[in-house]
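Two complexes are shown next, each including chain A; its partner changes from chain B in the first to chain C in the second.
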Partner chain A sequence: MKHKSTLPAVFLSPALLILAVLALVPTVFAVFISFQDRELSRPDGRFVGLDNYLALFSDRRFVNAIGVSLTWEVLTVGLTLLVALLIGILMFEYAGPRWRSALSLMFLTPVILPRVSAAFVWKFAFHPLYGIITWPYKAITGQPLDLLSDPATALGTVALVDIWQWGLFFAVIVLKLLETLPPQPFEAARLDHARTWQVYAYVAIPMLKAPLISLAFVKMVESLRAFDLIYVMTRGGPGITTETLDMYAFSQGFIESGRISYASGMAVLMMIATSIVFTVIWKRTRA
Partner chain B sequence: MKSVTALLSGAALVCLVSGAMPLAASAAECSGTIKVLAQPRDGLTLLDKYRDEFAKLSGGANFQIDYLNENDRRAKTKADASTIGRYNVYYIDEANVALFASSGWVAPLLDYYPKDYDYNDFDPGRRAVATYDGKVWFAPLTGGGDLMVYRKDLLEAAGIQPPRTLDDYIAAVKKLNQPDKGIYGTALRGQRGSGANVWRWMPFFKGFGGQWFDGNTPVFDSDAAVKATETYLELFKYSAPGTQTGSWDEAVGAFTSGQVAMLTESTPLVGMALDPKQSQVSDKIGYLPPPSPLTGGGYGHGLAIGTKANKDEVSKQCAGLFIAWATSKENEQRRLEEHQFSELNRSSVFASKKFAELYGPDLGQALADTGKVTAVNFWQSPLWPELGDRWGIILEELVTGTRTDIKGGLDELNDFAKQLVARGQ
Partner chain C sequence: MSVRRKGRFVGRFILALAAFSAVFPFLWTALNAFKNRVDIVTPTPLFFFTPTLDNFAYVLGRGSVFQGLTNSLVISGSAVAIGAILGLPAAYALARYPGKWAKDIQFFVLSLRFLPPVAVAIPLMVIWLELGLYDTRLSMIVTYTLLTLATVIWLSVPAFQRVPREVEEAARVDGYGPYAIFFRIALPIASRSLIGAIAFSFVLVWNEFLIALMLTTSDAKTLPIVASELTQLGRDVPWGILNASVVLLSIPPLLLIGILSGMLNSAFRRKN
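Our next item is the complex of A and B:
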């Protein structure tokens, strides 16, 4: 009986130990140095209390980055799920088994592409002089279309690439989820003369609530790490209109100044904020 | 007497041989892989063909070069050099040599650079930017100043003489700008960065008499800076699409693809513009020194010895040997044979018959002329990259219209500079 109760702990402890080393040590270290004034060019540092945190709130780029990150999260998570549901339902409704397989394979390709490669390909496609996407506009109007240099369109354009990668991937998941549902509720709804959109809105999607919430959480976490895509496509520009929190933290830590304590302060705040927000959302959606 | 002479000769020979021995011994001791972190350069890629030569010279060592574009290379070298130090050799440049040297991330080059490779043969301008605090820190791979490069056909068609002054240059850019015909007046750099938009802005700033610091006091928030920024933004109205958030690649790409009438850029542009493989307008190119009063942006990039990865003297000597070999006269001659104009740095190569044969006397003269107006435009301090990058962000905001107050931007930079200096003390 004693053996039975300790066995899980025995099996779990190596994994937990590795997790502690890989996750806990850097986290504790980040918190530790966020109270210092360490810089890359100065290995020594002294404790400065909450100075880094207080300085952050008077830093216009940090405040701007919070806004950009929030917009990015809402835009990419919302639109990814919308695209996934629309395409997934269309495939389920109109495509036969062969087409479904072929389309699923095609829709999986974008997410398999390395993010940096995808970003470079799309950046070139959006180039105002040579880009294949902007070419029709230039051919019709005679004016170049510079979406990535325009503060009004830059973030949306980068978000489009993110949605292209993840929306299509999630569409395949939605299709597979729909295929697992029992046919009877669909038949019952149709017998009651429900329209197609009503079948999905009131029957299918509510039945898929739990996995869709999980998908939303996966995308929320993934969207927080969009650094590579934004870095390649805009570097945070034009100006600071696409500078997210992770991008600004990296910029302060490594690109511009080497202020790793200041950057760690940002990372710690991000960690606290996301933990709180995600917990609240998780609890509310479960209720 | 003969025996004394013979004895002295023998002693001299022994001295010579023993003097050469440390180099031979250190070379013979090199093994393993010398890791290099660099940005893409044709001259470095060319080294791949001659791996065996270096292996033989070094006693069996190999080399591995990892490439990142300029901004990423700067970030990664800083991160690597200050933390784990995986790379034996770093590609550094004029803008961060002070930071790397004062932080102890690189070793004084000449302590480990074999004398036979003749460091003093490098162009004096490149040697100057490789020197900080009286010591040499890197061996140049590229460098120079600026040239104004223009389309002869477009200027002739518009009846415009190649401009010699900035006023004439601005007037010509405005006149030549014909977006409906797919031709833009100029191409500038808008992308943030001390080596990007700020690099192209600085000739205006210095040309109008601007200064960065007086001792530890920032003095750049001046009429010269405002005028420089106004002029830069005025010219940006005629800059090719894509350059507002682009840098060297976008500006040069727009020119070599035939969509830009004239621009002032770093000297390697001429080599690219004249090369039919890289340029669609190679037979229509003219070049002159930058229009007065613009100063040329003196720059130099090169290879330096990392201190963390090279823990002992032998490792440093091996890294030094690699750098010396990679930047040697022989390798530079090979680059000349391959028409790699931007990879040439040695006075002996510029003065060679082959150079005159390939590029003609005009380019040699233009390079000599632009040398006279080439200056160190940036603030020579370890704090420069941080200040320059901060101005780069503000300048990009101004270029893309997300902010409009030039003076407000300079005031913000002024406050930042004061904090920066205080932090550095």
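Our next item is the complex of A and C:
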């Protein structure tokens, strides 16, 4: 009876049509202009075949950006999950119901802030002269501490803001996941005189393996959106030490030379890489 | 015993530290928004000072900020409205009529999030330029609809699945047709989670930065862009004004935090 209803077709087709058009047109167009030599100042491009792609592979800044992006992914995904597990477990272990909901609310605020706000808040906190975080260092040593201008620490400092936003948010989710677990295995482990950390390492975390993998996946996808933080905090600098792929594509297509086709080629390569990697991971973990 | 107690003390200390780090940075920014420049540019941080409203008055009185605020409200509001009107029915169809395509459709909707924003923004910039719609509210609304529609669908499918089937069956027995069941039964019952999904998609586009940066230059600039331009000012930085504009930008998402944490709670409620 119900599969004869017109409802699925009526309800699904407008939304899917719009999504398909809005997603496919830019994607196809990105591929199309990546075979041209368009620039912002000169919109009528000629077809140059694979020239943009060939140029990319001998572009050392592009290779550098791949490295920065990969470092960023590993750093933010790994540390976010570590922070989330630590804080989530501590909340589950040491906080009563009221404290849990109060803490959860506080831990949600960083991720809700616009990335531009979060980036500015921390950029000012790390300001070598007036920053509240660098102040103790300056007070003790008399030297200003400029983490964002030091090639060795700039990327890590920006990553800290990302982990601050996502790690605390995921800690709340880890807490909720722990709360859904049945209490019996915990009690059994305690009766066997397991230490607290053993209960989590050998009982709780293995039971939550599937949702934790999903969390890691979500973070991998969201870590691609590093641009806002980097744009406000370092603009890819010092030098090109924090220039991720999207930052480089932006500066090629927009700021420096307006080489829109070249930037588009980069975007297409990113699109292919992320689509393949994420689809494989998604299908693997769901199978 | 004493080991356990020590563990609890250390654990609670770490939690307190984390809670402090979660809220203090923004509170400090909010505090600075009420300071005169001389009270911000001090060798030691000042906690006590004579507050001033000058920064907010300046920010709200500036044409660019006011324009950014209205642009953000119109663009985010319209994109969210379109996303909800089209997305909620689609999500319901996916939740309640799981044909063989439902899984593929859901994956397609999710996979839109895999697209790097810069890969969407570059071609759209060229497309909007050629259509003569570059830097208009209309082009921004259409672009953001891609984000809101996908998000609303993705988050609403589980919300509709949590509506007890028996209630819908009972309504069917009472003579309700499929459309009446959606509008008068499923929608009201799932409304709390659905409002959470809509609020989330609002926060997402309100906070969106990269696409807006590439698709607007003056007329349709959204508030995050205006705020970021203020943060890039030269040497003699008006720190108080900067802090005030960051606070202004952050207020709407923070107002929705109650709804969003409610959505989290209902998503992870114990299943039995």
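The definition used in the following text is that the second predicted complex is superposed on the first by the 267 of 287 C-alpha atoms of A that agree within 3 Å, B and C clash if a C-alpha of one lies under 4 Å from a C-alpha of the other, contacts with A are read in each partner's own complex, and residues count from 1 in each chain.
Basically, a residue touches a chain if its C-beta (ideal position, glycine included) is under 8 Å from a C-beta of that chain, and two chains touch if they have at least 3 such contacts.
Everything numeric here is computed off the predicted structure, so don't read it as measured data.
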Partner chain(s) touched by A:12 [first = chain B, second = chain C, both, neither]: second
Contacts of A:240 with chain B and chain C, given as first, second, both or neither: first
Contacts of A:199 with chain B and chain C, given as first, second, both or neither: neither
Partner chain in contact with A:142 - chain B first, chain C second, else both or neither: first
Chain A residues touched by each partner, larger count belonging to chain B or chain C: C
Partner chain(s) touched by A:254 [first = chain B, second = chain C, both, neither]: both
First, second, both or neither for A:278, with chain B first and chain C second: second
Partner chain in contact with A:81 - chain B first, chain C second, else both or neither: neither
Footprint overlap on chain A, where chain B in one structure and chain C in the other make contact: 43, 129-130, 254
For the chain C and chain A complex, residues of the former touching the latter: 7-8, 11-12, 14-15, 18-19, 21-23, 25-26, 28-29, 32, 40-45, 86-87, 89-90, 92-94, 97, 99, 105, 107-120, 122-127, 129-130, 142-143, 145-146, 149-150, 153, 178-179, 182, 203, 206-207, 209-210, 213-214, 224, 227-228, 231, 239, 242-243, 246, 249-250, 253-254, 256-257, 260-261, 264-265, 268, 270-271
In the complex with chain C, residue positions of chain A that touch it: 2-3, 5, 7-8, 10-12, 14-16, 18-19, 22-23, 25-27, 29-30, 32-33, 38, 43, 86-87, 90-91, 93-95, 103-110, 112-117, 120-125, 129-130, 132, 135, 138-139, 164, 168, 171-173, 176-177, 179-180, 196, 221, 224-225, 227-228, 231-232, 245-246, 249-250, 253-254, 260, 263-264, 267-268, 270-271, 274-275, 278-279, 282
Chain B contact footprint on chain A (complex, rising order): 37, 40-41, 43, 61, 127-130, 142-144, 146, 148-151, 234-241, 254-258
Residue numbers on chain B that touch chain A, as the complex places them: 71, 74-76, 78-79, 82-83, 99, 102-103, 179-180, 190-192, 240-242, 244-245, 254, 257, 259, 382, 385-386, 389-390, 393, 396-397, 399-403, 423
